[in-house]
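Each chain carries a letter (A, B, C, D and E) given by its place in the written order, and its residues are counted from 1.
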Amino acid sequence: QAGKISGDVVKIAVLTDMSGVYSALGGKGSVIGAEMAIEDFKAQFKPKFKIELVSADHQNKADVGSNKAREWYDTQGVDMITDVLNSGVAIAVAKVTTEKNKIMLNTGAASTRLTNEDCAPNNVVHYVYDTYALANGPGKAVTKQGKDSWFFLTADYAFGHSLEKDTTEAVKANGGKVLGAVRHPLNASDFSSFLLQAQASKAKVVGLANAGGDTINSIKAANEFGLTKNQTVVGLLTTIVDIHALGLPTTQGMMFTEGFYWNLNKETREFSRRFFSRHKGMPNMLPAGTYSAVLHYLKAVQAAGTDDTAAVMKQMKATPINDAFAKGGKIREDGRMVHDMYLVEVKKPADSKEPWDYYNVKQVIPGDEAFQPMSLSRCPAVAKK
Amino acid sequence: MTEIFGVPIQALFGQLMLGLVNGSFYAVLSLGLAVIFGMLNIINFAHGALYMAGAMLAWMGLEYLGIGYWWMLVLAPIAVGLIGIVIERLMLRWLYKLDHLYGLLLTFGLALMIEGLFRDLYGVAGQPYSIPEEFSGAFNLGFMFLPKYRAWVVVASLTVCLFTWYMIEKTRLGAYLRAATENPQLTQAFGINVPLMVMLTYGFGVGLAGFAGVLAAPASQVGPLMGSNLIIIVFAVVVIGGMGSILGSVVTGLGLGIIEGMTKVFWPEASSTVVFMIMAVVLMIRPAGLFGREK
Amino acid sequence: MAEDFILETAGLVKEFRGFVAVNGVDLKVRRGHIHALIGPNGAGKTTCFNLLTKFLEPTRGEIRFNGIDITREAPEKIARRGIVRSFQISAVFPHLSVLENVRIALQRTLGTSFHFWKSERSLDALNDRAMELLTSVGLETHADMVTVEMPYGRKRALEIATTLALDPELMLLDEPTQGMGHEDVHRVMELIRKVSANRTILMVEHNMKVVAGISDTLTVLARGSVLAEGPYAEVAANPLVIEAYMGTEASDDHPSGPLPGEGGDQGSLLSNSGGGR
Amino acid sequence: MSATEFLRVSDLHAFYGESHVLHGMDFTVRRGECISLLGRNGAGRTTTLRAILGLTGRRTGSIMLNGREVINMPPHRIAQLGVGYCPEERGIYASLSCEENLLLPPQVGSGGLGLDEIYEMFPNLEERRNSQGTRLSGGEQQMLAMARILRTGARLLLLDEVSEGLAPVIVQKLGEIVRKLKQRDYTIILVEQNFRFAAPLADRMFIVEHGQVVEQIAQNEIKEKQHLLQEYLGV
Amino acid sequence: MSRRVTIAYLVGLGLLLLAPMFIYPILVMKVLCFALFACAFNLLLGYTGLLSFGHAVFLGTAAYVTGHALKVWQLPTLLGLLAGTIAAAALGWAIGSLAIRRQGIYFAMVTLALAQMVFFFFLQAPFTGGEDGLQGVPRGSLFGLDLAEDINLYYLVVAIFAGAFWLIQRTIHSPFGQILKAIRENEPRAISLGYDVAKYKLLAFVLSAGLAGLAGATKTLVFKFATLTDAHWHTSGEVVLMTLLGGMGTVFGPVVGATVIVTLQNELADKVGSLVTVIMGAIFVICVLAFRRGIVGESLALYKRMIGQKP
């Protein structure tokens, strides 16, 4: 079957959260990222095959997601699915993808399980970030500042758990201790009672092992209860859109890891401004990552002259990634795409020169440090050989 | 001393206070349900959705028209009440002769519609609604922070409950309401304008829900799902209290709120289910509910 | 033998929050009799019925059925013992056919009522018995009719047929002729007399014609306790009873009898009520 | 009694959903008069009363009440014109106490009886004043249903089977009360099974068959029209 | 079953056997699962007049138990299904014996609340995987047939559905069914005839719960996972809608209703996004206001009227 493109179309699907707590992270933004990638690819390579893009809302429900994926693979001839934020959904979709032997380039989910317990190196690439990478930066930096006792506010599902776990390890590794954690449901409406528990714990740092709307509301409630007065709140998965929503006054001085910042260099600025013109907002690491992933995939198809899974995966792993999102990125055998991450600090309102000028990049974490080393991999497929 | 039963006093009172706050929401909502049930014999499943609508209206008022919290606290309930009146006129009206279950089903359908509509417009992620500056900040009671706004919520809802209770239990209107509940035709034949009463009652009942919604807006985030999660607990509250008495539903509401809060301190895992467990127990020992008077 | 009582109550008392509805009633129902329970409104007749069938719990006293103490037994247990009541409002299964109505009652004896895997054809065995019963109340022609569509009187008849299906030793009828036109009253009277053949009947009735017509014994309750007991003629003559219940008219039953209100005492009764203005 | 006409029902048709129950009722009642509707079960007498109050489904024809057309009014408006209804099924409220039941109906006219008067008429009710409405005995409920409308000052009383389920003594007493009301110039429509109760009270009797008035018998004609009663009512 | 029903039943079965040639089998299987679910629900609502608003919890319980049995205990497929069904029935007994203490609307609310309690339990219990759900349940094999093949599984599902459907019909037309009708018609009278009403209601409830469970267990097999959605009150609402739309108290109503709703959701999901809920709600309202007998009920009525009019 190699050397052939199924139905002469390469069909790419963006499966994301269109209306939920995470819609601000990926959602429409990711779709735009994918569109831009396709346009750029066509412009540059004038491919002979047709390229189609479909997208759907998985409502953060594992069953909705995997049903959609299964249907796409079975009846729509979809070749590759991308974004798939929300780790629960991602793991479910990974299973379907492996079963149907297709490709998922996951640019949205955070759980390290995708490249460890639930890894599927021949079908799944974990492209943008993961909890290990997110945890390390602040875990080290904050603890080193002497704020060495932590308490976690954890979203009660795969992502939250593994973010909590990885940060805990980072904190311990740097001589800090963890006093406890409280689990809250996805998209909880009122965080005050959880924050009271955090407050009662007397920990110096309250780590928010949640994302999107949940993070925003946690931080708001923290302010209401005067938590911020004598404790430091650290958002573990925070991106520029959250900062934009909360505003600098509330968030100044926060530290966290991002996989992308629009204002790094000429290339990122140029890409981001194009994106901004369509989305009325700067891209965070998800849309940018999706752009990069789709582009990389199409190039691989072009090069391999087929959309056959094995061939394309081989090609993608063989070629390094260089675009607006990643410099010298490479896909490891366990399916982890490693690239530089950035430890950023939120500027004081005064220091912000223009809209969306929010970060001071404290440190560029080289890919090999940022991500979990192969040596620690718990991925059976890789361990075998 | 900073600990009670090995629990930091701050957390204890904090949760107690939050319990009281939730309790007053339960109270206002179950009160509205009871009033409506008393008159129309309908369990208003749309109650949660209309509570959400109240909050959403408050948010929209601020977002689009720049109308502040205090005005919305008056306007939103009225608006919701009017929505209710329309619903009653156009739909519920036709169901009174049928099995009461149809009322439940219809309002369930409405709940889905209202919820889905707001979902489609604003997504499920909550909208921020900031606390009115009069009440921003908190009293520092030394052993705990008492956010001013939460205190206000309790006061406001209790006042409303008391007012309603007086109207229905202590005035002639109350007798009419109960009579019309049982035998509308005959009651009308005595010269009482029942259809009007029914309409206004429903309007008032859902108006209460709207009021609770506005109260809730600054306390929690304003989102399409805020109602549906709450309403089921309120149902349990209603079953525990028994539809019979107004005061009953208020007391039960507050009580359960507090119990829930305490559970969060001493047995967090059970905090989300404790109300239902209590309901199960009550059903076993007193099927009609604590304050229920049923044939 | 005179001592054969099917139902006896001793010092039966029912209090409702202080108010004594039934006050130490010693009722003795002789086997095979039609025993009427009459008395002014609120005397405690229906309450008595509810006590006998355990729809209410007696406050004090005991109930003996065939010598067995049943004071503390549950309603459905009592029913199985053979005491079955009819309701003041007609009680049928409106949307089942007349035949099915009766069959429901018969079905219990089959003991397959929980068998959800059996076909309902297994119930056809009961049809003959059901038809017999319907015939005995003159409904055989209506067997397949849906019950709602029948006029009031017939529904009462069906209800009695259903009750008979349980082959009760003792039947309790509460105002069986209430709200019926004259023809229906007659039909039901005949019916009661007919079914009383080999069983005992205890009934509450305000219609003196009926009482006089078919009852062997009657007990008069007033304010919760027994005022008088005995055959109609005797009781009807009892001045106490006349004063408390029958009034001046009851002594005869012709339509065009002395009209009500000509008795002595009523005048005063009204004049003081009128005194208000 | 004044001869002025108080109620005129002409060509009244009434329906319950599909079923057409009244087929053109025609009769008039003068102020202060007491008339009685007799007939078999299902003849349509209750329906007539309900139709006058607008409690049936669709209804056509004309109902002039004290010179006003009420056929298109909603029930509560009609009642407010001074009509009191004592329904066949008594309609006692379970959720109200005996006394609350008594006090429920709002005043619709002047000159209703006072509470004390009512309690004198029905001592049982005074005794049971605080117990729940439906906990009253069948008869007590009947009394309550009657007493309830005497309070409101309604001038036109629609009484449906009021003697039903009452002990003979009470029935006599009720007879007296109706008399008394007539003296006070109330206008009364009696629907009765119990001929012996209705006969002496009614100034005129209308025999109803299949939703129509088929006979009219004046008080003084009872004796000679005995045969009619026989054939229509089996009395 | 009456002759007409039997014929319809056989025709339907025939169609089912051919369906996978034309339609995406997974979709048909989903429809069948929900159809069975709705039929089980209808047994309760349509024939005993008990409106349970928490029926999804039985679907969910069975789904999880079966999933756990197959994935963790690695039981053979049929045993897994059985385990789920029994678990659901047991839970049905527990919830039922509480709920039947109240009538009418209260019954609905109580079932809803108890269901919600169980839902929260599932949310927290470790073996359900919380928000992530129980993923990657193996389908196993039957008589050497590998059920991982959709087509093989398909025929198993059809068999299960056909069997369960038959059982439901039989129950309705059984001595037991008769008593249920009687109770619905006039409860006090049933008591006075010496029937212990509560026991009958409870058995009906348990049966319905068990069959709903069977539906859930099968669903797990089809989709290879069990998630909170199965136990969520939205699902409870959906099954009410299916029954109402198809026609409660009719034999085939629930099946029709389920088919319409499921396909509708499938079609609309991408096109209108979250407006789906609005549409579902609208259907609800319309059914209650104008369409109470449901599709099947109304068409039967229409049919009757037409032959009635012919001289």
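As a working rule, a contact is a pair of C-beta atoms (placed from the backbone, for glycine too) under 8 Å apart; a residue touches a chain by one contact, two chains touch by 3 or more.
Composition by chain, UniProt nomenclature: B = ABC-type transporter, permease component; C, D = ABC transporter; E = Inner-membrane translocator.
What you are looking at is a predicted structure, and each value in this text was computed from that prediction instead of being measured.
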Between chain B and chain D, the fewest steps along chains that touch one another: 1
Pair joined by more contacting C-beta pairs (B-E or A-E): B-E
Rounded Å distance between chain C and chain D, as computed from the means of their C-alpha atoms: 28
Inter-centroid spacing, chain C versus chain A (mean Cα positions, whole Å): 80
Whole-Å gap separating chain C and chain E, where each centre is the average of the chain's CA atoms: 46
Inter-chain centre distance, chain D versus chain E - centres from mean C-alpha coordinates, in Å: 53
Multi-partner residues of chain D (at least 2 other chains): none
Shared interface positions of chain A, touching two or more other chains: 18-19
Contact pairs between chains, per stated definition: A-B, A-E, B-D, B-E, C-D, C-E
Interfacial residue positions of chain D with respect to chain B in the complex: 53, 55, 74-76, 79-80, 85, 87, 91, 93-96, 100, 103-106, 108, 152
Chain E to chain B touching residues, read off their complex: 51, 53, 98-99, 101-102, 104-106, 108-110, 112-114, 116-117, 120-121, 123-124, 233, 237, 240-241, 244, 273-285, 287-289, 292
Interfacial residue positions of chain E with respect to chain A in the complex: 24, 26, 123, 130-133, 135-136, 223-225, 227, 229-230, 269-270, 273-274
Complex contacts: residues of chain C adjacent to chain E: 53, 75-76, 79-80, 84-85, 87, 91-96, 100, 103-105, 107-108, 110, 112-120, 122-123, 162, 166
Interfacial residue positions of chain B with respect to chain E in the complex: 37, 41, 43, 91, 94-95, 98-102, 104-106, 108-117, 119-120, 123, 228, 232-233, 235-236, 238-239, 269, 272-273, 276-277, 279-280, 283-284, 287
